[in-house]
Structure formats: C-alpha cells, structure tokens
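My questions will all concern the structure given below.
By letter and in written order, the chains are A, B and C; residue numbering begins at 1 in each of them.
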Amino acid sequence: MKRFKVMTMRKQTKNNLITFVGAAVLFFAMAALSQAGVLNNKITGLLVPIGIYVILAISLNLTVGVLGELSLGHAGFMCVGAYVSGAVSLVIQNSPNLAVPDWLRFALAIVLGGIMAAVFGVLIGIPVLRLRGDYLAIVTLGFGEIMKSLANNIYLVMDNNGLHFGFTQAPELGENSEGAKELLRGPIGMSAPQDTNIWVVSVVLLICLAALMMFIDSKSGRACMAVRDNYIAAQSVGINVTKFRLMAFTISAAIAGVAGALYSHSISLLAAKKFDYNLSILILVFVVLGGLGSMRGSIIATIILYALPEIFREVGNYRMLIYAIVLIGMMIFNNAPFFIQLRERIGASAPVRKLKGIFKKKKAGGVE
Amino acid sequence: MMSFVSYLVNGLSLGSIYALIALGYTMVYGIAKMLNFAHGDIIMVGGYAALITMATTWCPVWLAIVIAVVVCTVLGVVIEKVAYKPLRGAPPLAVLITAIGVSYLLQNVALLTQTANPKTFTSIAAGAPPFLLVFEGKAPLFFTAAADSPYGDLKPVLTISMETFLAIVVSIVIMVLLTLFINKTKAGKAMLACSEDKGAAQLMGINVNGTITLTFAIGSALAAVAAVLMCSTYPQITPYTGSMPGIKAFVAAVFGGIGSIPGAMIGGVLLGVIEQLSKAYISSQLSDAIVFLVLIIVLVVRPTGILGRKINEKV
Amino acid sequence: MSEKNTPILEVKELSIQFGGLRAVDGLNMRVKKGQLYGLIGPNGAGKTTVFNMLTGVYKPTSGGIFLDGVNITGKSPVEINKSGIARTFQNIRLFKAMSVIDNVKVGMQNRTKYTTIEGILRLPRYFKEEKQMNEKAVELLKVFDLDGEKNQLSANLPYGKQRKLEIARALATNPKLLLLDEPAAGMNPNETAELMDTIRFVREKFDMTILLIEHDMKLVAGICEELTVLNFGQELAQGETSAVLNDPKVITAYLGD
C-alpha cells in the first residue's frame, strides 16, 4: 500500500523528497563519520563550510532561479547575519548577569541574525526591486559592498559601564572603565564563540532546505515563477508582482543571514572583508552551475565546486587556474548553441536511440 | 578653498581613468548585451605588460605603452573569440558566469607568473616636475616647477602632479577621438547600428561579428591606457589590482546609463569626484560605501541611469 | 445589476495620449452581459491600446471605464483582474518554464485562502485547497482538451494549444468579462474554425461575456454579435455585425479608397 502511494505521488513532491532525504543521509553520515574519527582532518574541516555554502547557494537560488532576478549582494545579507549573531553571542557571553545556556544563546543568535538579514532584505528590496536585470545586479552588488564597509568600521566594547559603540574608530571609555572587552574590532573583526559544528549545520541546512522547497511548491512559489516567466501576464491574472518579488527576496536574505550566523560562530577570527562581492559571485557560480531553480543541483554543485579545489591543494597554485578553465569550459559546453545542437544530433542518432531504448526498458522492468 | 580644488582635480583625474574603463564596459554591453566581468582584469594585464617592458633597459616609455595597448587589444579579441563568441544566443547568466571564469583565469595566470606580492610601478612621468599654481599679486600663474624657480619665496597654493595632469588630458583626447570615430566613421556607425539591432544591422550588410570584435579591441585598448595612467598615479600592482577599479567603472557605466557612451564618460568622472571628495571630507574608510550608496540613490530615482534610455516593454 | 440588458462593460469617452499622438480618442462602447463583442479595425487603429486601458496596463488620459456599474478607470492590472476582467495577449504570454497545470493554478490562486506560512509548514488548509485547485484546474483543462498535457512545460505545447491554454488561464481567475486579443493570429483555417467553436463553447459553458480583437473577418462575422470599428483611434462604426461589415465607411477603411 505504502509503496503504491509513493509511486502515485506528484512528481515534484517525489523529487523534493528525494533531494531532502539524500541531503539528510549525506550530511548526517558525514557528521557521524567525522565524529567517529573515520575521516581525516582535512575532510572534517571542510564539512562545516560546505554546509554553510550549501545553505547560501540554495537561498540564492530562490532569488536567481525561482524569482529570476540576478543578485550579486548575497554576501551582504550573510554579513548582516554574521555580525548581528556574533554581537548577540558576545554580549550575552560577556554579561555576567545573563545566565543563558550556550545552546539557547546560539539558537537566539542564529534566529536574530536571520531576522535582521530579513529586515535588511525588506529595506533594500522595497526601493531596489523596481529595477530589473543588470541594474538590479549592480545595485545588489553595491549593497553588499556597503554592508561590508559598514561592518568593517563597527567597534563594540563592553566594560563595567555597559556597551560602547563606535563607528570608524574605537569608542571612548570613561575614566572609571574596568574590564573592557573588545567585542567587535573594526577591520580586525570579531571572535564569536565557536559553537558551530557539523551537526548543527546539517540540522539548520535541512530546515532551510525543507522550508525553501515547501515555499516553492506552494502558491507563493508558483506566483514567483509566474513573475519570473512573464510579469505582465502575472499581473493580468491578479498576481501582485511587487509583493512576491519582495517576499522571495526577503526569504532568501533571511536564510543567507542564518548561514552568516553559522559562519561567524565557526571561525576563530572573522573580518568583514570576507564578505566582498567575490563571495557573492562564488555562490552565484554554484547556483548557476547547479541549475537555476534546482535545489538538488545547487547542493551537488556546491559540494563539488567547494570541495575539489580544497582537496587538490597539493596541486598548489594551479588548482584555481584549472578551476577557471573548467568553469569556462563547462559554461560553453552546457550553453553554447553549437554544443546544444551537437548533443541533440548525437542524441537523435540511431545507435544512441537504441541504447536509450534499452535503458528505458530495463528501468520500466525494474518498477514492474 | 584651494584644498577643495586640489581634491576636485584629483577626483577628475581618477574619474577620467574610471571613464576610460567604463567606456569599455559600456561599449561591450551596448553591443554584446553582456557584462564583461573580466574587463577589470584586462587592466591588470595591461599594467603588468607595461611594467615588464619598462623594466627592460632598451625599451622607452612610449614603446612600453604601445606594447601594453597591443597586448590588451589582442587579449580582448582572443577572449571574445574563444570564450564569448560560442555563447552568442545563450542565456545572459551563462555568459556572465563565463566572464567571471575568464576573470578568475586572468587573475590566476598573473598569480602564477607574477606572484601575489605587490610590485612597484614606475610612473611614466617619473621625474617630471609637478604643475604649481602660485599667486603673484592677483594673477594666478601656472608653471612647471624647476630647480631654480623664479618665484623662489612664494609658496605654491596648488600642486598638480604630472600624472594627474596626464590622466585628465589623455582621457579627454581619447574621449574626443572616440566620439569622432563613432559618429563620423563607417565602422563607428556600424557599432551604433549593431547596438541598436543586430539583426537589422546584419540585413543592412554590416559585418556583425567583425563589429563585435572591433568593440572588444577598442574597449581593451582603452583599458590598457587606463592601466598605465592608473598605475602611474597609484604606483603598485598586484594580480587583483584590476578588480575594484573594474567594478567601480562598471558602476560608473551603470550610473551614466549602461550602453550610453557619453553616459560612461559622465558617470566615470562623477564617480571619481564623489570618491575623492568623500575620502577628503567624510571618511576614507567609507568612501567606497558612499560611492555605492550614491549609485543606489541615482538608480532608485532614475532606474536607467543618468543618460540611459527608458525601454518600455510592448504589451 | 445582472439583468440581461444592462451593460457589463461600459466605456465612456475613453482617450489616451502618448506625447503628441492621440492613440484612442473619445471611444464609447457598451458590452451587454453574455454578449460576444468584437473590436476591429486596421493595423495601428488602437485596438490593443483599448485593451491595455481596460486591463490597467495603460492609464487613460480621460474618460471612464465601468465594469458592472463600478468605476475601474485607472486601477492597476491586479485590481482590475480582481474586479473581474481577464485577458489574453496578442503575442502569447504564458509562464513558459511552468507546467500547463501550474499556469492555470496561478490563475486560480487569488481565490485560495491559505497563507504562505501555512504553505511552508504544510498545514491542513494547504492540502485541502491545493487538492481543490488541482481538481478544478484539471476540469478546466479538460474543457480545452489540454488535460493530457497537464504536466508538460507550457512552452512545449504547439501554437494552437498555447492559445487555448492562455484562455484557460484567464478563465481560471473567474472573470465576468473575458478579453481576447487576436485569438486567431497565426492560425490556419482549420485551427480558426476550431477556435470559433471553443469561443462559443466557453461563452455557453461559463456564461461568459467576451470582447475580442480580431483581424480574421471570417471569425468576426461568424461569432460576434456586435462590433465596434476603430480607425486612427476613433470610432468609425458601431452596431450589429452584419450592418457594420456592410458599412461603406468600414469597407473603405479596410480596403483603402
């Protein structure tokens, strides 16, 4: 009975389920293996950043793939999440009066990071989402750079008199200041407690993934795709274009903020210069190579593209060179009209058709 | 007051360099409808080309500049032929990612051959005396400072370095020539026609592929000139030297209305001035943020930039 | 208001100016409930501009548009669709990367009540309403003989079916008035004949009022009960189809002097 139900499930539901279960098995298995000490240090060290980048990629895919708008400022939202959550954690940690258990503090930091990133998503989205295409791209890039610059200039010091905030320079402390602790140190950055581990990342990743897939496979997600495909037609059937663009953009920002929160709690010293446009572009590359609108593609592309250059560090400086060449080659092979036609011609040729037929029959037989 | 003028002049000089780079961006965008993210890295290649040739003893400065221009032009054309041409007709995002790939490629080749250590660039105007502005009585006098200054005791109120002066003059000359080229020559008009409607241009017998190649060649040559001027003013070069000016020139192009040639000039100059003035009067750490903030405000008020045309979709 | 003779759409002195050009000038029109009304005229006469004003894409310079007695002049496309006008487009505008059934479901979604949060959390109302939506969408697709292709990408449908899907999507918004912009454009005579049947069928089945722009005189003469002829933005003739089509002014406008 159960098996029957799975087979009659809607195609999209089934696809989503496969993606989710696949991601869950993969990440939990890796987490368990690294805990058991089976994996070497290098791979263990890669797990957390890969998880964080996957979260970033799937959230950017909502903007670029589902909503169809090019955003080059994803790192900006990540920056907001990282700094807000880091500040929250550091403040709570350094306040002797606040007896908050670590796990609750971390959870709070992640949630607040996400919320603040969403707030920025709305604030920047309202004026900017009137723009389209390349204009939106450059404005989001600008937003990311602004966030980076602002974060780079924030100072936060805590002493017996409370919190002191400084912008572009460290704040003046009073004469009776005692036990001053620098929480945010401008360009030097911050050192948030290192709470993030692969288990936390896996759980957060799965929650974000599920939420995104549920969103896309609901009327709101369909509305976003309708806006992407033809906004004039979408308006003509009563879809409020602005509302759905803002909604998708904000959700995307919030999840990037969550990823930023995980990130700031995963490295010992975080400086704002990390969040420049190159980071946004890196994530965009993951999304585009994985396939627009495909969460599964984003996950796979991120894992491969992030892990490979790290694993091949031995090749030294050549690895990024090879990466660049492979990137160009793949884009041309996948998208050039010449290669698309070539593939179609090969696909239509007799021997290949025969081969495909054999596979189809086999597959059909397997299900019977 | 005079310090304001001096910041303004520096801003104009920086802005002229941005304008040269932005012209490349905007021409390529107008004609190929693509954001050439690798354009900034062509600047870097131009800088290294000039640096290396100037380091050899036999090579005079003018020849080094010519070599840099030739290297960049060839590089631009090769990139277009190898990486972008196969993708004509492909989705814009695919072309964008390819351009990013080219940018990574250039940076990493530079990293391997030139290392990440910054190298000092010898200014093309090295040793040339600055222009000084001195007041004698009421009449201002410009002169090139020499060792035996006839105005010995008088303090100059404004100093303009030769590099700054050159950047402005060279950019103005190039922009005038480019405008003449585009409006007066057959090839220039073909570029305009292609950016308007490639299909129609082809039907009119214009060699579209050739025109696109020419556009990349001109854009890259301008980038080489910008590279020499920029590295002379800010005499250091690394494999990443080109990327921030590239992004800013891209901003300048959008600022002025991407696809518009006068727009790129105005946008570039404005951007340079805004950047220098905010460095001087607001905060040097925040100058980039201010530049981007102004960009956002301009685009929110005028969604297609200062000189951009509004395109309404026909329903 | 729903008496048989009251106009469902009333257009009064509708004008729009683009720069120096008066694209539509003082148009008056009354479409009665249940009518099949044609808006015809030579190329560039301003027909699509009228549609764009009726659906809120353009704001009229002056004049009024009343739907069922309610003034909808100058409202946004979204508001106008919600108040009961749906349309198709001259150059087909489907949601190309979405499946056939999803195209229709997008049209239906304003009538569902579940919120985005309910959708993400998969609360009961999501399942209930999605199920209803699916059933209704399939029903609607059956009317247009598209249910067999419901999971295909809409871009992969043949041209004639794309036109039908656009009509289905418009009907999914449950309109009072359906505007069809050159539904037979690009169709061969067989397809046009089939389309005529479909339009008639839609009118009967959904008790729909239909206003259409058309170039194909056979189609116009075959199904429209009343016509307005536009020429250079102004009304040239108006009235019953046969009378209008025999009007010498109309013949001159179409064939030249």
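Definition applied: contacts are C-beta pairs under 8 Å (C-beta built on N, C-alpha and C of every residue); 3 or more make two chains touch, one makes a residue touch a chain.
Please read these numbers as outputs of a predicted model, since none were measured by experiment.
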Identity of the chain that, by mean CA position, is farthest from chain C: B
Dominant interface by contact count, named by its two chains: A-B
Chain centre separation (chain A, chain C; CA means) in Å: 42
Centre-of-Cα separation between chain C and chain B, whole angstrom: 51
Centroid distance [mean C-alpha coordinates] between chain B and chain A, Å: 34
Multi-partner residues of chain A (each touching 2 or more other chains): 232
Residue numbers of chain C (touch at least two other chains): 57, 89
Sequence positions of chain B contacting 2 or more other chains: 315
Complex contacts: residues of chain B adjacent to chain C: 315
Touching residues (chain side chain B, partner chain A) in the complex: 29, 35, 37, 83, 86-94, 96-98, 100-102, 104-105, 108-109, 111-112, 243, 247, 250-251, 254, 258, 283, 285-286, 288-289, 292-293, 295-296, 299-300, 303-305, 313, 315
For the chain A and chain C complex, residues of the former touching the latter: 11, 211, 214-215, 218-223, 225-226, 228-230, 232-241, 247, 293
Touch list for chain A against partner chain B, complex: 64, 70, 127-128, 130-131, 133-135, 137-139, 141-143, 145-146, 149-150, 152-153, 168, 232, 277-278, 281, 284-285, 288-289, 292, 317-318, 320-321, 323-325, 327-328, 331-332, 334-339
Complex contacts: residues of chain C adjacent to chain A: 55, 57, 76-78, 81-82, 86-87, 89, 93-98, 102, 105-107, 109-110, 112, 114, 116, 119-122, 126, 130, 133, 151, 169-170, 172-173
